[in-house]
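In order of appearance the chains are A, B, C and D, and numbering begins at 1 in each one.
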Amino acid sequence: MAAAATLLSVRAAPALRLRGKGTCRLLSCYASSSPPPPSSGEGFSGKVGFLGLGIMGAPMASNLIKAGCDVTVWNRTKSKCDPLLSLGAKYESSPSNVASSCDVTFAMLADPESAIEVACGANGAAEGMAPGKGYVDVSTVDTATSKLIGKHITSTGASFLEAPVSGSKKPAEDGLLIFLTAGDESLYNRVAPLLDVMGKSRFFLGDVGNGAAMKLVVNMVMGSMMVSFSEGLLLSEKVGLDPNTLVEVISQGAISAPMFSLKGPSMVKAAYPTAFPLKHQQKDLRLALALAESVSQSIPTVAAANELYKVAKSLGLADKDFSAVIEALKAKEHNSQP
Amino acid sequence: MAAAATLLSVRAAPALRLRGKGTCRLLSCYASSSPPPPSSGEGFSGKVGFLGLGIMGAPMASNLIKAGCDVTVWNRTKSKCDPLLSLGAKYESSPSNVASSCDVTFAMLADPESAIEVACGANGAAEGMAPGKGYVDVSTVDTATSKLIGKHITSTGASFLEAPVSGSKKPAEDGLLIFLTAGDESLYNRVAPLLDVMGKSRFFLGDVGNGAAMKLVVNMVMGSMMVSFSEGLLLSEKVGLDPNTLVEVISQGAISAPMFSLKGPSMVKAAYPTAFPLKHQQKDLRLALALAESVSQSIPTVAAANELYKVAKSLGLADKDFSAVIEALKAKEHNSQP
Amino acid sequence: MAAAATLLSVRAAPALRLRGKGTCRLLSCYASSSPPPPSSGEGFSGKVGFLGLGIMGAPMASNLIKAGCDVTVWNRTKSKCDPLLSLGAKYESSPSNVASSCDVTFAMLADPESAIEVACGANGAAEGMAPGKGYVDVSTVDTATSKLIGKHITSTGASFLEAPVSGSKKPAEDGLLIFLTAGDESLYNRVAPLLDVMGKSRFFLGDVGNGAAMKLVVNMVMGSMMVSFSEGLLLSEKVGLDPNTLVEVISQGAISAPMFSLKGPSMVKAAYPTAFPLKHQQKDLRLALALAESVSQSIPTVAAANELYKVAKSLGLADKDFSAVIEALKAKEHNSQP
Amino acid sequence: MAAAATLLSVRAAPALRLRGKGTCRLLSCYASSSPPPPSSGEGFSGKVGFLGLGIMGAPMASNLIKAGCDVTVWNRTKSKCDPLLSLGAKYESSPSNVASSCDVTFAMLADPESAIEVACGANGAAEGMAPGKGYVDVSTVDTATSKLIGKHITSTGASFLEAPVSGSKKPAEDGLLIFLTAGDESLYNRVAPLLDVMGKSRFFLGDVGNGAAMKLVVNMVMGSMMVSFSEGLLLSEKVGLDPNTLVEVISQGAISAPMFSLKGPSMVKAAYPTAFPLKHQQKDLRLALALAESVSQSIPTVAAANELYKVAKSLGLADKDFSAVIEALKAKEHNSQP
């Protein structure tokens, strides 16, 4: 495994610690701002900034505050800060001001453009950065964007950590996200207690870019699995079985996966309430195909799956949940198209 | 869902009942032969035959005996009966004799040919069958074989239940199999307490053939998922990530499946100790493609996956575990291109 | 090439001979029934039987008569013999009678069932066969059927040649068929002058079954090519090019094929007048996939193409021309997504 | 067909005109520089520039000179101009000088970078352009590059025509190229006599970019066909047929294509002398997949084919002929890799 060397350290939060989170995490964070820390290495000392309070950022920041951390927030639309302020957060009027007043600053932005502007633009976080400070970008961006932001931040002497999360709204609220981090390892170790407040596990994957790549591979496997599952649902139904029973049978065996149990029942009803938009899943497959091409790795089921997401897009399902890809496998009668 | 009508009843054993199995099941089986039964419908009254004591049959029969059932066994190689006899089982010298001396007879044979011979051949179970008796074939056979056996059995006035299991050696030993049954529903209800001793859940799927079809669809999704997972493992490694980390990251998210956690680490080491032979997985994909063709259902990722299992077979991996399909995705350098 | 040994001889009719067909072929056939033959080995001596006068058989028999051969015909529906009788053919009332009164007998039947009945059934050709006689089955049947017929014929001491043709109605009329023969090589040499009357080239491929296999491989490549071409037509149109121009551009380069020029213009108009039914093309792909599986050969584009023919079948296009597979690639807007 | 409007005019050179090329074309070109022209619209009046005298450019320019045109050449490496000068061409020391001294200037460069530099760089053709002059880029470049060059040229008031060719060295020498043009239609009409000297047909496809797109679609169909053909060759061999016979049989039927007859025999011998490098074919498939994704068109056989070209690349065959993709379908024994 030539790749092993790039994986500097991996630590999944022990399952046990996940029980009774409230207490131990509160302690570890409280500890961080009061000498001496109760357990060396477990606590975080310092002020925490949080930029971007959308569907993911708000519950993440909220969890930090509830755990007793000293949090300063900023959001483009200021009103979104109010719920956090009422929980005890401080406010600063620009990313730059947040960064200069905090020890480490987290950023959770919607897309690469916003992530770049908030980090590198006028009054951006980089302007407030300095040696000794850290910037943790938990947004999901492409490798190139991540590297660009990292370059800006580190040029100030500060440290940078790329940390895209696996998990959506509910895991964010429950503090059960998975962090796929890469970049500065000492910053990783420093913010570990904070990551453990917001998530259930965290991985350090080496150089900046590896976090984005890992997320892409996971989403690629997910996209392909969803198509295979769809094929099974439709086949079972066509041969006279109840697809709901297939969902139940699968849920009890070796291929049981939360995604199947969660999405299966609504897919059987042809309902696709959006959790992860189909167009984003297709985009991830496209990027994964490009990544695979760059290393000449054949990924034929992914290639086949991608063609179906394209069909689903042309069926007008781009903004539905990615489970709507099942519609691409339903042939409609030729002569009586509605 | 036009298919709904064919699903007469489905009942997964409640999770709660799985705790403290030993006691309650022993009671329910004991009860079945002593008036009055402790709970109507829970107990099984009568003698149980078991034909075929191989890698699956032996632990299944053993569990029945341990639960207090009155079990009579037969196996082509008689010596394989000994461990069961020492547990308290009785012995008969032919399938016919077992069937005539028992109320319901189970059969777990290795392949369609054996299943047919034991049920329909000379001194086969059918010869000992009669109205009021039941035959439960838990072997994995194709639809046509199952229908043929069912026809022979029911022509004697006895009842027939097709009941292939999902799960291999370990679940058989632990009494955690999943039964995919079809055929005579009253026989299904009658043997339910016995199925609950051997398995963790059971499904009744309607007409004979539906059990085999359901198992095929599940295995089809499994085979395709294994290829997508393989693509992810190889891609992660080629781009410089540690594939073991991918296994770990996947294990914590929405696509977490026992199969990935179980097989992933050995796949990374290119080790494929056989649990489910690759040639059987490929055969199931072939049968699933035929099933899909019979109803004109497109299953493109399965079709793509099947091509890779074929490559793996031609690489000499037919008898390895089906996870060895990952080898089909590893391009080998050509050394002597003209 | 381990396969080379099985190919006993191949001879494509020299291009030159194709010019001025009428004369030289007439001579060679005339010669065959009049001593002495003008060129040893070129002529055919004896009476020719022809069973089955459908869309293919009628023009083939007609070409033999016009070339001066002594032809005796039979057809289930006798009236179809009339045009041939008016050209000079003789008539017999059963396949058996044709076979007993002729030196070699050709059969062109619609499907395996008819081919078997005409050869092996009551009053079938086999009843009229004897040592020294030959039976040439030019029907398109599967390998198993061909072997069964061959066994029946050779058990009488007669010789058997499997000789499916490549080409449809028009080439049959024009004497431009391609014969893919296998079986008895001396019979092949004996009927070569007759094959040259009906076709433009002929191949001897070894053991019975090889003719059917060769036809399957050719049709498999054809089916896959048709899908690739369809993908090109639709893509060109979607990006704003005229698909008719694509047809024209392709017709002038390295991938120019008669099929593209012939089918392209009607495909652009979504018209699919049946020359080769889509359901037959799909069946051939299925058989080719089974053939490939039997030797563990991966054929991924064929597998992908087959899935589309299945979609086309479920769109109600089974009886249209196989070029209608293009419809399977046209995604239709969903109007009432919940 | 919404696309029809974009196709302003198409004219394939009449088949008849291809006979006796020499004479009529010489006349039409001679005519262009001497009053009065023999046939209005057929001749070209003026001086012709030619930039880039590589494997394609040299024979193309040579054909213009031999047809009597007044040609001025330039090449980065001046010595490559010598053969043309000895045929009667004039020389200028920069693209700019060629452009300013000629009425229309052709450019045949190796890649987008060279094409841009020669047209838009220092002393580039654009500097010598002016209203009334024309620039015809016959290089194969991507759409974006073509549009960039077009913008530079037309900003001088001159006209621009994109005109990538289909066909390689031999067709260039024989004057049998196919021009896929787009851009300024009056320039197209003006240079038509020159295109007819160098090619056997020409298409005008509307806006700049359409020429490149058309070439991509043609190459995409070609790449996919090559894989299907490879699958057929290997399958025929594995089932005991002679793949050379398959090549011959195919050459006589509906799917006969020059590419199959040309490449088949060497593919059977595992020889792949490079005519079109495999890496370029794979690149074209990648670009075609991107083009298809931009319009959500599903192209599953192309996607499957692309995966095989990737395998072939990782086998070290990137610089071999694209027919070497057949190697990607040959599974090598797992235990005894040579």
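General remarks:
One rule holds in what follows: a contact is a pair of C-beta atoms (placed from the backbone, for glycine too) under 8 Å apart; a residue touches a chain by one contact, two chains touch by 3 or more.
Fair warning: this is a prediction, and the values are worked out from it, not measured in the lab.
Compared with chain A, the chain whose C-alpha mean position is the greatest distance off is C. Interface chain C/chain D: over half of the residue numbers present appear on both copies, so the contact uses mostly the same residues. Relative orientation of chain A and chain D, expressed as the C-alpha superposition rotation angle, is 180° to the nearest 5. In this assembly, the C-alpha centroid of chain A lies 46 Å from the C-alpha centroid of chain D. Centre-to-centre, using mean CA coordinates, chain C is 38 Å away from chain D.
Distance from the chain A centre to the chain C centre is 59 Å, each centre being the mean of its Cα atoms. Averaged Cα coordinates give chain B a centre that lies 46 Å from the centre of chain C.
Within chain C, the positions touching two or more other chains are listed as 292, 296-300, 303-304, 307-308, 311, 314, 331. Residue ranges of chain B in contact with chain C, taken from their complex: 286, 289, 292-293, 296-300, 303-304, 306-308, 310-311, 313-314.
Within the complex, the chain C residues that touch chain D are 1-4, 6-7, 10, 12, 166-167, 178, 180, 200-201, 203, 205-206, 210, 213-214, 217-218, 220-222, 224-225, 227-229, 231-232, 234-243, 245-246, 248-250, 252-259, 262, 268, 288, 291-292, 294-305, 307-308, 329, 331.
Against chain B, the residues of chain D that register as touching in their complex are 269-272, 300, 304, 311, 314-317, 320, 324, 327-328, 331-335, 337-338.
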